[in-house]
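Chain naming follows the written order as A, B and C, and within any one chain the residues start at number 1.
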Amino acid sequence: MAIIRDMIPAFELFQPNTVDDALALLDEHRDEAWVLAGGLDSYDWFKDRIKRPAVVVDLGGIEELHGITEEQGGLTIGAMTSLTEVVNHARVQSDYSVLATAAEHVATPQIRNQGTLGGNIAQDTRCWYYRSGWPCYRAGGNTCYAAAPKAMNREHAIMGASRCVAVSPSDTAPALVALDAKMTVRGGGSPKVHDAEDFFIGPAIDITRMTVVKPGDLLTAIHIPAAWANAQFYYEKVRDRGSWDFQLVSVAAAFQVSGGTITDARISVGGVAPYPVRLERVERLVTGTTGGESVVNEAGELSVQGARVLRHNDYKIPMMRNLVRRAVRSVA
Amino acid sequence: MDLWRRAADPWGQDVLIGVSWDLMWAAIWVAAAFLIGHFVWIKFRPSEAHEATEVPAGIPERIQRHSLASRVFHWTMSASMLVLLVTAFVPMLGLQFAWVEIHWIAGVVLTATIIYHIIHSIGWQDFWSMFQIGFSEGVAHLKHIMSPKAPAPKAGKYPFDHRMFHHANVVVGLGVIATGVLMMVRIDTPLWAPNPYMLADSTWGVVYVIHGLCGVSLILLTASHIYFALRPEKMWITWSMIRGWVDRDHYLAHHDPAKWVVTNGAAPPSVTEGTPRAAETAEAEGASPEARSASE
Amino acid sequence: MAEKLIGTDIAPPDLIAKITGRARYSEDFRPDNMVFAKLLLSPMPHCRVREVDATRALAMEGVIGILRAEEVPSREGPREACLTDEPHYEGEPVLAIAAITEEIAADAIEAIDVDFEPLPFVLDPLDSLRPGGPTAYTDGNRFARAPDAEQGDGPVWSDFKWTEADFAEIDAGRMPSDAVAISNWDKGDVDAAFAEADLILEEEIVHQSVTHHPMEPRTNMAYWENGKLFAHVSTQSAQRTKAAVAGAVGIDQEDVVLIAPYCGGGFGSKIAGTTPMQIPAIFSRKINRPVMLRITRYEENYVGRARPGFQTWVKMGFRSDGKCIGIDLFIVEEGGAYGSGDNGTAGAIADLIYTPENMRFRAVSMYTNTPPKAAQRGPGGAQIVSMLEPILAKAGRELEVDALQMRLINAPDPDVAFGPRGSTLTSVHAKEALEQGAELFDWAGKQALSGRREGTKVTGIGVALSPYTAGSRGFDGLMVIRPDGKLYVHQGIGNLGTHSISDTARPAAEILGLNWDQVEIVWGDSSRGMPRSSVQAGSQTTHAHTRANHAAATDAARKIRQIAAQSLGGSPGDYVLDNGRVFRRGGGAGMSFAQVAERAIQMGGEYDGHELPDDIHRETVPAATMLAGEGLMGVAKDNYGGRGGVYTFVAGFAQVELDVETGVVDIKEFVGVTDCGTVVHPRSLGAQLFGGCIQGMGMAMTQKWVYDPKYGVAFANRLYTARPPGFLDIPLNMKWAAVGIADPQTPVGAKGIGEPPVGAGAAALTTAIADAMGTCLCRTPLTPDIILSELEGRDPAFGRLDQHVG
């Protein structure tokens, strides 16, 4: 069979109005069905004719998945809420600005208008070996081409690798980890709520998917609890260009500060592992300090301990270290 | 049901990736069917007469079947094998956890035990007691299975079915280990970095297929092995893998003293004086010697 | 008084069509019965087709036919064919399928089984030069006439290798001084110059290949009618493309009708004919239906070409006052699957901007199994400027001479003679451009900021000089004043996305005293008549066609005066042309141009084009003949002559802020000042200058090719992985200006502008970043990882001369 790209193969499109209808469709069509949110991830696969679902279930018409509501003192964001809406929402900006900043760093305005928050965190990795349709572990095969001796892996992981060295590409994921967000996933049984950290799984657990969302499941909502509202936030994303690109490394942090002292911290780094890395040891290190320069340096060094580099991504160590330092330094 | 998984390699050529996971399900179903079928079949099988044989002189009360070294080998090997099977298949059955490291570490343990066993069995054990086909014994065994009236053959140390099981495991085990060792080249360890290009993609496909076929075969082999080991009429053999010895009654009931020679005088070191174990075990099982021997 | 047109801003005639989407590109034409073609591309960097089984594909409903390599023209040796059975790069088209819909054609491609035999491949030219190394072609890596060739012998294959000793030097980080070069030239005595130099700098520099990625992929559609080929193509040129298409398909030029009113960019990859154009032409002849070949963005990566990369060694010697007195330059060029020759221009331009007087230039261009390389906006020039300007700045730092001063002292004067043939130029105002730019940029004030550190940000200031060819001579102009009184300028040039399509007609309007609303530009359809024109490449169009149209308008003006004198009395010299009328100077009898046109038709002869000048090109004759009798014809060849080459200079200045903790570079300000002669259209000039500089910035900072070395397969093959610069990559603070001194050797005084800005944008950045870092990284693109790695003193991820890494 010869290969051709840039021509989406035909599929049957369903546009259900409710989550229940969508789940019923997914259950009926099993592994022939594909869930479509904003399409920014899906269409790339379809155009390359690598993923070819017979059935596409478009969530765009499901009202209950759209919108941001206040709930339990925090915010509940429907999975299909556009990134632009998240960026512009008054309460996201005032109380949870790290999420607004992170969402604003996604790609380009056009992509943010169409892309959804749920889609952004559930998106598949962008390792170009995998995205080219090569039969790697993540694709069900036997190899990680990116971890081969001379492979092109400047964008790949320096930690958390387990056979697969691809990274989590989501910009909002580290911010949601820093906010202790909770993701609601509906599938066969009753809805399950996952802590953000547990929502993203690594290749050690399941090498074929990035999150707990299994085929047949739907991510329905992201809840931001009140706990980190109005904390001191820091977000930075380093990328090749001023827009469009996924991160080389990014950091999202939230600090509870009282009288100049850090009473609690959440620090999460993107682009260095197959999932957003939560730096718990660093959080413990900085808690109780004022974020002075010596803590800043220690935090940076601690964050990259145990990193294992590939041929081309050694720079991610100083980059990650420096971003963590800047996050902690921002408190002082 | 698919047998293989295929994919297009980076150059668009069709290559094997591995066996289909359908085979895992097939192995599980076949194993379940075989075990349940056997259980039912045995229940309805009439018991058979047991030929009394004269007791030759010089047979000790307890006959050593497995030395301490052999038993340590067996249990280490089987523990690693079980870990390998669980880490290989349980995630595919739905319970996901970080399995890869445990799997290859257990694989290293298994490989070490097998290497030990090969050396030990050649140099220190009675190699030919296991490594023979024994065609006529096999025919007699088969006839006995077909009809309880046909007498069960009296075996050497390792009866026909044990030997065939072991042969199957040798093939499948060496297959899975050899391919597993090759696969170690793809792991990132402190000693080396992954090098998937040591072999061509199509060659790796064959390696993974062999690994997969052997692996699913091992589901079947291991399941049946554990089943038979727990069968009441076989428990006396199972105990021997724990305690090291079989008692004289069982020995005489099932084995040919000419083939499994034990009259060199020395009692198995693990035997303590006194109590005739055979009767005790028989009582524990609640079955008559006749019924027990008939179940072979 | 008719308005002055040269030097003013006038909206181009196609602006509204482009903004509203009414502009029709080749993919917008859909004749009846048209079918779609889709390509099957090579999955391997080098392979041979052993067998093709297309039975399932051809049996599919809606599939019309298949086109194979043996059905298309091919030539011996390393020559690109539009389809091939021995692909030499991953992504090369092997065959085409035509079907009634594109979806069916794509499904049909998948239904084809091709047995490819993999062959050895090479991605890096140095690997091909290494003894025992792979070659891109099975027959060797050099195709040239043998040293002992006799008369009439053609080129042959050979294995061109350097020696182990050469590679010992290379691997030790030195220029392989004894390595054999394929091109070379010398001037002066470079070794003596080095002996007396006060400072010598030696560097290894890599400039990576980048894909053109015009916004419009090269979609083409063609059909045959009554023996003529109608070709709707995406191309930079027009009349010359028509000639190229005719040649490629093997028919007479006049049997081709070229329709190409719009082109969404080409940057050198669509100069005239392109290989994909052949496919619809040949396929439609075979199946007797119009064939549309829509090239996708994915395919555009491959068949759309790329700028060749350079791996370079350079040694430069300087006097203590900053004057460069010697250059030893050795370039290894990545020739791609079909070869390229950017290195020649690179060497000449190095000589031009450093004026060393002593120079040794050597180069080899090696075939590699990578997409074909083609000229890309400033081929050779953009690369060499981007590569060497930071070395000049480094010399300035070491000699403690101000960077601008370094630039000025080494810049050419009007009497410069450079390159292998000691070429001279018609006008050189490089120093004026530098000085004007320095003022606009506030060089003195900015220099105080150089190296300043604030928090984690370090400021860097850079200046660069980028020249490129900008003119040519000897083409024809053709225009008709019709009985409606309007001037119809028939352009044989392409509308490649600049404004030269209409701006080059302004001199004609001015000479004839017409307001712009009395002028119609006729373009985009060769059946309306196109004179012999230049290709739209080398930034030559503005120069060449202001001249050609000037000549034709002068011819028309002469004829108008003669007609007026004959009709109204007096002598031609008594008459003036203004506002669409010809009348006696000082007032008095006159005629409208409408009347002149009718009179011309009555008079016939040369007035209405029935008699043509002897010296116009034979390719102009059919067009002029067709238009004969339609009105007052102005047709003439540009005989204005001139000595020396025509070059435009752009001086680029940049201020950057480099974050030392992340490697991210923020461009704070950019200034580009050009010496391009007379400014014809200021707003357009600004757009070209900014556009070119931005392209250069992308080349310097973000864009590259990446290949997996094991499989030879490309990865940066999507726009988002190729990383062309986006809107947020360019500084808000960008300014441009022009020196504006007319070139004395051309009537309008205008030189071109398309290409020189690319080198200026790139080099201003590479020098500014080197200034901020205090060191030259000698590599592009300068992405944050490379910069940070250097700042942190970490081992670089790849060899100094490695390309295509990412």
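Going forward, a contact is a pair of C-beta atoms (placed from the backbone, for glycine too) under 8 Å apart; a residue touches a chain by one contact, two chains touch by 3 or more.
These figures come from a predicted structure and were not determined experimentally.
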Taking each chain's C-alpha mean as its centre, the one farthest from chain C: B
Pair of chains with maximal C-beta contact number: A-C
Centre-to-centre distance between chain C and chain B (centres being mean Cα positions), rounded to whole Å: 73
Centroid spacing, where centroids are CA-atom means, of chain A and chain B in whole angstrom: 47
Mean-CA-position distance for chain C and chain A (Å): 41
Sequence positions of chain C contacting 2 or more other chains: 43, 708, 710, 713
For chain A, residues contacting two or more additional chains: 1-3, 132, 145, 148
Where chain B touches two or more other chains at once, by residue number: 10, 12, 197
Of all residues in chain A, those that touch chain C in their complex: 1-7, 9-10, 44, 49, 108, 128-129, 132, 145, 148, 150-152, 154-155, 236, 238-245, 248, 311-319, 322-323, 325-326
Interfacial residue positions of chain B with respect to chain A in the complex: 5, 7-10, 12, 14-15, 17-18, 91, 96-101, 186-188, 193-197, 201, 204-205, 208
In the complex, chain B residues that touch chain C: 10-13, 197
Residues on chain C engaged by chain A in the complex (per definition of touch): 38-41, 43, 102-103, 106-107, 109-114, 296-299, 456, 661-664, 702, 706-710, 713, 715, 718, 720-721, 723, 725-729, 783-786, 788-789, 792, 794-795, 797-798, 805-806
Residue ranges of chain C in contact with chain B within the complex: 43-44, 116, 118, 708, 710-711, 713
